[in-house]
Structures are given as structure tokens and as C-alpha cells.
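Two complexes, one shared chain (chain A), two partners (chain B, chain C).
Here is the complex of A and B:
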């Protein structure tokens, strides 16, 4: 009897960790910063837990956060997309060249985002049609798209005016208060809501989960696995395109060398958010919280003046911890 | 009723802090591993120690972008220290454009910025503290003319399109040479590209064509100096047969200077740059007027003067004295 009770509590705890894990992480990081001191022995909590700073953290989350939406879909489907950073750079360069060429902001956004979707379509097409490993295909396109970005940008950054319509999307105003938030933050939150509902409620969303959980079973159940895969990578490309526009807005320039290694930040956010790299499970809300957590870690350690290597070690540890938690809660299914 | 009281209290605190004359500065380089930035760091620490002696307490945060040369990460560092409300930021912007908005936001939040090393396309910074590259190029040109006995033919191998600092050096060099009528510039339209290897190839190609006619070359940066020297060595034109004036002191080019294959190096003073960056910021915070443009000086190092303490310090910056690593 007592054993059963223990088992019940354990199972409940596991369920709770699955849903609340990323939030728990966020709370732990906040607690950590509440007590951490800088190299001069002073706490930085007054500046870290200030409305204005929360706004900064949110703005710093936007590019990784929007990328994490696309990456969650890919990872839930059992794949991976390593070309995310290159796509962000490519789309930001494309957008910048078009703005300099005189296109209106609406056209620029549409073309840049569709370009991302197009590259994703090619990725997904290659993966589905030739049954290639997503890791290899996107490793290739990571380099191809990076190169294409440099070619498009003539090997240098293309600057756009600081006051162009696109740049306003990420502009931070009224530094003391949380509101008004830059449009980019609202766009991220809106996209996250739509994607979360879509992944959970729509037939397509359930198909993505099915393909990621067990591809052959999904096929036997009548899921058109190849079409789902192509659509997932195209959709992910769309999100990376939007992230590229956000990056352009933030830098006020399209820089083909930006976002090197960004895909790893994005994947880390998704994993911290509770997704399993073996596919079949993942959470949009978790991914956003994961991105937020990493931005907060950087922001806080920066304000404490800690060396970069400390940040890198902490963020790495958090990722491993998150994967460990994931393994632990999955353990239930296997027993 | 409550909030004016609080405001008054805050004002008192601010005034007291003012009276104690203590500041927190964030010094933000482009990267942290390169020796040039370590020299800047050493200079900042030097300024901190001197200010301490005159009774001004300065706390320094030294923080580069998490990924070297990543503009977005540098923006994040600026934003984070703006949020921290440091007294001031000393920034070496990775890009003259991308860092404009963050510096403007910092100013809006009451955090002033001094820009060092590379210029920012903005009028929001307190001051720009950097090498006068045009003047450095001029000094290089005059020195090369002297080495050549005021006559002969020279080559200029340019660095890269769009690199503002080297373009200023190249312009300065051509300006100085134009005042020596007996000296002819036989090529000044070739660009090397970013790496030593590319510079080496470009120098080989140039010397293939002009090797027999040239008496002097000017190289606007470290990569070009090293590549050009290698190409001259290959053709047996080194060791002073063709005079070489380079720019910047790196390990290899200092070796070449010692060995006699490079006759002179125009060198910047990054320690002084870090030093003046911090000093300028603190003077501004103390309410003293500061110059909009501060020149941190260039010198010409030769084999003869490289042992003199003030030149030796530029070639081998005294990092150990200021940095505990």
C-alpha cells in the first residue's frame, strides 16, 4: 500500500516535471540571480529584476524564440535542422538588399519569409524524397545557405537606415517600463500561441507527433509521412525566415556572418523546453521558456560582470541537466 | 506624497555617490582573446589605478561578446550593461552601423558611451578615442620616402574594400607620397583580401609584374605586411633591397623587423587607447569638458629604435603588469 502510494507520488512528480520543468528552471535561475554577487561583492538583483530589464531580455529572446518554434516542429517530427542559423543570416541579407533596393517593408518581409520557406522546402524535399538523414542534409545546407548569403551580400554587411520601417519592429523605447514592448516580442508571442494550438489541436499537428513517435506505425495508420516531413521543414524555414527579418531589424543591417552557431542555441532552447531529440514529444511553450531562460542567464551573468566562459559553462550545464530530466521522466514508460 | 519623498531620497543618494566620486564602467571590446584587446584591457586597468590614486574609485567590467566578432552578441552586452545602469560604457563597436541604436538607447537611459578603436556612425557618443589612421599612413609614407632617398618607385598593396581604418591609412600614405615629386606610385589599385594567404598571393602577383622596377612598398596592415614580406623573400628582394614599411606590430612582422626584411612598422598604441578611453569617460562623468576626437598616437618602429623603452612597450605591451593571467 505504502509502495503504491510512493509510486503514485513519483508518477505525479514526473508528470509535474514534464509540464513545469522549464518553468522550474526559470524560477531556479531567478533565485540564483537573487543571491548572486558580482566580482565586487555586490548583488545585481535591483537591475536584473527591473521591468525595463525584463523588456531587454524579451527582446533578446525574439530571434532564438521564433527559431525555436520552427525547430520544435522539426524535432517533434523526429528530425533536426542545422541550417537554421544560416537561414537567419541569408534572409536578413536578402531583406537588407531589398530595402536598399527600394522595396517597401511589406514586400521585403514577404519575400524574405517565403525565401526561408523555400529553402526549408528544399531541405524537406531532399530528406523525404531520398530518405536521407536530416542531420546530413541540413549540415550540407547550413554551408550552402551560408555561402549563398555571403554571395548575395557581396561578402559584406548591407546596412539599412536606422529609422526604416523594419528596424522599428525591434526598437526598444521607454527603457524604464515593461510596456510598450517592441512589436517583435508580440509577434513572437502570437506565433507561439498559434503554433502551440496548431501542434496540439490540428490534424497536421497530430501527424507531426505521430511521425516523430513511430514513423512506420504512422505510415500504417495512413499518415502521409513524406508530405508531413516536407511540410515540417518548409514551415520551419518560414519561421527561420521571420527570425531573419527580426535579426535584420535588430542589427539594422543584413550581415551574412551573423548567427553562426545560432542553430545550437535554438536546439538548446527546444531541449530545455522539454522536447526529446528522439522525436514524438516537445512543447512550444517550453521552447519559448527555454529561449527566455538562456537569454536571462546571459543577461544576468553579463550584468554581474562574470567572464564569458562562466556563462558558457553554466548554459552548457543547464542543457545537460534538461536532457537528464527528460531521460528521467521518460524512464516511467520503459519500466 | 510618498513618491516625491522617495525621489528626493534618491537624489540625495545620487549626490552622495557623486561626492564619493565612484564610478562603474563597462569596457566592451570586439573580442577578448586577441592580443590587441588584451592591450586595451591593460590600458583600462592602468587608468583605473591612476584614478584610484587621485581619489576616484572606478570599478571596471571587462566584457566582450560571447562569440568573438558577433554583432548581435555585442549588442546584447551593451543592452545588458545599460540595464545595469553602469555610470558609463567604453565601447569598441564591431560595426559602425549595427551598434548605433544600442548606443542611442543607452544614452536615452542616461548611460553615456565613449567609442574607442573604430568609429560609430552616430553623434550620440561622448567622444571617439582612437588612432589617427590617416596620420599613421602619412608617417609611413614620409618614412618610406626617407628610406628611398626621396626618389624611385613605390607600390601600395591595399587591404580590403570597405575597411575604414586601412582605407584611411592608404589615403594618408598616398597623401604623403604626393609631396615627394621624385617618387612615383606605380601601383595603388590592388587589394589583398582579408587573410595572410590572400595577401601573399596578391603580393606575388604584383611583384611578378613590378618586381624589377620597385624600390619601396607600403602595407596598410599586419596581414599585408606579412604576405608582402614573404613574397619579397621568395624573389630575393628582401633584406632591404626593396624597402618595406608595414602597419601594426604582430609577432611575425616584429620578427621580420628584427631580421631586417621589414624596415619600419607604423604602430598604434592600444594600451594608451584603453587608458584614454577610461580617462575620457571619467572626466566626462566628473563634468569636465572632453574632446570629441582623441588621438591615441602612432609611432614608427625601426630596427634601430625598437630597443628604446617607449617603442619596446608598443611592440611588447606590458600586459603582465596590469592583467593577472
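Here is the complex of A and C:
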């Protein structure tokens, strides 16, 4: 009873943490790199915060960032999609094969993205129609799609020309300055803006949130729960398809063995961004910041000359910290 | 004196939840703790049960200082608490639940024989006939509650605190609970009884203490005090009419059920509800009332019979479609089904009808906030803002929003399942007024309730359900409390408490 009043300040703080948390994390990471010294005792900030390097960080954010848009929708709806990494790999292989086969960039993008959406549609269909657990269904499709990608790519990477239309999307020109940014970065930001508004303000977005917050309530309130789920996974697949094209553009090859475990990076970005894995809350802006934070951590620690395993330990800790923060934020409010 | 509290104060940050509570209860007496939601009853109980330490004030148990560090110490000292929400482990057996946390052991291993003995002894005190080896999940709610009480009895309690113990029980089970409490009191156990139902308090307790805004504002013997005086103390104002009668006219038949059956329940429901009517449905828990509403509203599958709305058969329509026709349902379980607990008041209130606040499939945030604030004012919802998460509100305010959703939806047919369960008197009165006004506007209300005074006070017609069928329908003027109960029990042969294994 008293909890309802006692909410005041703490609730305010909690809300602030949800919105500001990812930014706070980003600021902390920046502060850390601002004072860190590399293995030769030189301040690392000069190399890390150089315009050219920041541009690279942004480029490294794109694949995870776009994937995080789709994953945010899925997680907000109360689900999870473990097949994201496999889809990115599959779509990049598909795109590469088509380019090698002589298709025009427009057609390649359309087909790769629709393939992603198609796989997502199947995921969502299975989840909604048979009331299967998203974890299990997408765990299965993670393996199936990975296998399909290897089959399609004949178990090897398919290279595309460096100057093909697709590759230009992620091409870094003038490596010393921040601008012009590669198109891929702008595409990510534009997609994020559209998705953020859609999730927050569209009726469909509200329905996604309602399904994730409480499926029974959503049903009671006339939300077509199954259709929403199918649509969410299909949309997520669409984003993973786009991420696959970006991956292809960046590596200039479609490799069916890349992006293993990428789904975990994507999920981590979404969670760092303030989403709750139990559904019903999440932030697109937060997810993008989360993706940026992880890319910066990776990039910065390797600039410092730290071993790969140190990065892994740090990133793992950040994820646990973010989840702990989330628990604190929402757990105590409803004892 | 068994238990004495003096000037208990407790603050959470800037909020002063208890601002000076004093009470005392003698051995074997029953003390009713009465107050609206938010009056500080729950905080007081948490202080008593050792979950919170008071900031100021003293507590004495049998003349000795009582300041429990944690709930376990409170239990050891003999203060046991039965919470409103049951705290049992469904997969474990009854006996395992009873001794949970205080398992008898020998050389570090569970002593199964002693465990059974202790559990049997505790259960025997309750005359329950519950099998100690049965898993708790197989018991009825009433039986589970007895298991909770048995768990408290293992420690030879001196004080037993019950928080709204009857909120999920029906008539017969309630009576059995009263008898159990009578026996415990005869053995010298003091009972602190928290309830919104003043009639219950009179049945169980000899004394009362009224809390308002964290203070004890009145105490004394229950015998001889008028109900309206207590209500006056609770709310600090006169609640002149708890059941306001709004004049309304009843029109042509609008909703017809013909032998409606669900997969398990109901078995065969037949009735006709007319436009502008407030149609009550009474019955024991398990009579199939909730299931009837759910089947009508397309939440549960229909296995036989028909539902017609304005002469159109709507059997098996989805909730989406029915909402489109102006039918809306208020769930009995606002936490599990009724509300999106982690979302805002505005979202919860406006979810079913976005059209007035949206354009082209997109919500206009300003319009949404204005609409929500407007409705919150109309519904008398107390909250900080329209964006506040609804899980932070009190039960009464949550229920006002859940009910308000139906009104905002402009539903023509309102299916209300236990709309006033577990909420305070003020919120109840507000919901009754709303129901009356809806009928006045020609809307139709189906009101499922286990609380007889409210059915008799609000409805035009009351139907009684028993074992999945409607066994009687009469105008409210022809019903008495006794008739309703005996109709609900059927021939009065079967006791709901022992439970039919299903």
C-alpha cells in the first residue's frame, strides 16, 4: 500500500535510468577511453577519438544496429529470435551469389531482404500457429538457416567485386574525416528513426507492446495476438535481411560461416538499450546506443592492444550489468 | 494483553505510511483491522510480521518487547501471517508445504515420519480432511488457504494475522473458515483480521481498530456500533449511498444464451438479458460463471449452444470482432489478465479504441495524454500522471482504470467479472455509480459477483449458477440472501469445501 506513494522519487529515478541508462553507459565508456593508456604508455584517446576511427566504429555498428531494430521488436513482443546471425549470413550469401550471377543491385537487395522476411514469416507462423516457444523455434531455424546458407554458398565464401553497387554502400571514403559517412550508417539511422516512431506511436507498435506486456490482456482488448506475432518475426527477418546485405557490402563477400553468435551481440545491444527480456518494454534508441557502445568497446580495447579475451570479458560484464540494472528498475516497483 | 502496539510510525523516503498506530488485542480475541486501500493496513501487517522494522513506537507481545528482525523470527515468536495471495509451492505435497522452511530433520536428512506427524497434527486442528500427501496444485483455493493456516499452526502461534482471507472464497468455504478461526480463538490464539467486508469483521471479531491515512482513528467493541459510523471513520466522510439506484428503463432482449457450453464449463447456460438491464450472476466459485463470460467473449472455445446479440448469432466470434460490436469484458483477474501492469495508465485505458486519438494508424501523443487525463478525472483515478505505470497504483485505482477501459470503449454490453473484488469501499462506491450510470444510458451490464449485498444492491435481475447451469433467474426484489445461497448450493447436499475432484 505504501509502495504506491513511495514510488514518487524512485519511480522517477527508475524511468530516468531506463531512458538514460544506455547513454550513461556510453559516456562512462568514453570517459574510460579518454584516460586509458595503451601498452606503450601513450594516451589512447588520440587514436580512439580520431574522426577517422569514430567513422570506423560507426561502420562497425551498422550490422548489429540494424539487427537490433528487428530484435527489439521481437523482444518487446515477449519473444526472442536466435536465428538472426544465421539469417544475416544466409542473406549475405544469397546476395553474393546473385551479384556473381549478374543481377542488378536493386534486385539483389530486394530478394535478399524479402528472403529474410520470408524466413521470419515462417518462424512467426510456427510460433503463432502451434503456440511453440520462440526460443525453441528460432533455435531450430538458427541451425536450418545456417545449413541452408552453407548449401547455397557451396560451403565457401563467394566474393563480389569491390566496386559493385552493393559494396559502395559501406565503402569508407576519405578515411581521415568523420564525414561523409558511408550510406550504410545513414540507412541504419533512418531505419531506426522509422522503427522508433512506429513502435512508440503506431497502433501496430502499441499492439506489439501490449502482446509482450501481457498476452492475455492484449487478447482481452481485441489485439490479434497471432497476427501481431507473425508480423513481428517477419519484420525482424526483414531487418536481418537488410543487415545481411550490409554485412555483404562491408566484407565484399558472402560467407556462410560469418556472423556466428551475432544474434547474441544483437540481443546484448537490445538489452543494454533497456529492453526487458520478459517483454513489454524496450527502446529503439537505446538499442542503437547499445550497439554503438559494444562496437566502441571492441574497437577501443583493440586500439589499447588488449587481448581478445579481455574484450569478451568486458562485454559480458556490461551485459550482466545492464540486465541487473533492468531488474532493479522494474523488479522492486511491484513487490 | 496479548499484543500491544504503541505509536508505530514508518516512513518510506518522503512518504509516511504509518503516522502513529496504536492497538491492542487480548488472548483469544479477534480484532478487525479496518481501513480503505492505502490506509496503511498492509504496512502495519508487514511491521507486525517482521518484514519492515518500525521507525518509532513500541510493540509488546505477552508483556515482553517484540521487535522481530525478520519474518522467521516473528513466526518463532508466535506471530503468523496469512497473506491475501497464497504462498504455496504447487508441486510439493501438502505436508511438505506445511513444514516448508522448518523441516524436521535427523542428522541433516529430512525426517519424513516426523514431517507427516507434524503436518497431520496441524491439519487435524482444522477439521479439513485434506490428504497430507496430495500435491497442493490438486487442492481447491479454499483448501490451499487451510494449508496456509496449518503452516502457521506448526509454530503454535499466539497471534494469527489474516489479510482479506475470504477474497477468493465463496459462502460455504467462508463459513468453514470462520469455524476454524473460532476454534483457534477458543484455544487462546488472537486473530487480527483485515477485510473490506464489514459483515465478516462482525462475524469473526469482537473489537475493531480503524486506520485512516496511516493513523488509528478509532477503536472499540464491534457490538453495538453502527456500520455507518465505521464507514464514516474509514473515509472521514459519509458514504451516504453505497448502492445508489439510478433509474433506468429496460428494453428489448439484447443478449441470449441458448445452452451455451464450454469445454469443461459451463455445461449449459440459458438466459436472456435485456437492453439497459443490470443482470447479476451469482454462484459458488467453480459454478462456471467466469467461464460463461469467457466463452461468450470468445476467450475460451465454445463446445455447444449459441450466443446471440441483437438477434445475430455471435457464437465463437473473436474478442476483436465482439469489441467491434460494442461488447467488452472486465477480467476478474486484473493482475494476470486485466491490465498491462508495466505500461502506462494511458495505454491501459485507451488500448481498445485508438480511433479518437489517432490518425492514419498513428497515435497522436498529445491527444492521447489529454484523453487519458480527462478520463482519469472522470473515473477519479489517483495518480501522478497519465504516463505512470499502472502497476504502481493501488488496487482500487487499477480497477477504476480497467473498468474505465470499457466505458471509454463505449461498450453497449459490459461483461463484468467480480469488478469490486479486493478494492476499498470508496472505489467500490465509485464503480457502482458507474454501473448505474451505464444502465441509465441504455447500456447493458452483466455482473458476475460472489458478494451478495452488491448483487442485491445493484442488479435488476439476478441469475444463480450451479455446476455449470443457470438454476434460477428472478427479479432482484424476489431474492433474499438465504435464497441465493441455497440456490447456489443446489440441494444443499454438496459442500464446496471438501471439493469435487476434477
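The rule is short, and it goes like this: the second predicted complex is superposed on the first by the 324 of 335 C-alpha atoms of A that agree within 3 Å, B and C clash if a C-alpha of one lies under 4 Å from a C-alpha of the other, contacts with A are read in each partner's own complex, and residues count from 1 in each chain.
In the analysis below, contacts are C-beta pairs under 8 Å (C-beta built on N, C-alpha and C of every residue); 3 or more make two chains touch, one makes a residue touch a chain.
This one's a predicted model, so the numbers in the text were calculated from it and none came from an experiment.
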Contacts of A:214 with chain B and chain C, given as first, second, both or neither: second
First (chain B), second (chain C), both or neither touched by A:60: first
Touched partner set for A:177, first chain B, second chain C, both or neither: neither
First, second, both or neither for A:280, with chain B first and chain C second: second
Which superposed partner A:303 touches (first chain B, second chain C, both, neither): first
Partner chain(s) touched by A:143 [first = chain B, second = chain C, both, neither]: neither
Touched partner set for A:104, first chain B, second chain C, both or neither: neither
Partner chain in contact with A:201 - chain B first, chain C second, else both or neither: second
Set of chain A residues, in rising order, touched by both chain B and chain C: none
For the chain A and chain B complex, residues of the former touching the latter: 40, 44, 47-48, 50, 52-53, 56, 59-60, 63, 156-157, 159, 162, 167, 171-172, 175-176, 247, 250-253, 255, 257-261, 298-299, 302-303, 305, 308, 311-312
Residue numbers on chain A that touch chain C, as the complex places them: 1-11, 197, 201-204, 206, 209-210, 213-214, 216-224, 276, 280-281, 330, 333-334
Partner chain A, residues of chain B touching it in the complex: 26, 32, 59, 61-64, 66-67, 69-72, 75-77, 79-85, 95, 97-98, 100-101, 105, 108-109, 161-162
Residue numbers on chain C that touch chain A, as the complex places them: 10, 12-15, 17-18, 37-43, 297, 299, 318-320, 322-324, 329, 331, 336-343, 347, 351-352, 354, 358, 361-363, 365, 384, 388-389, 391-394, 397, 405
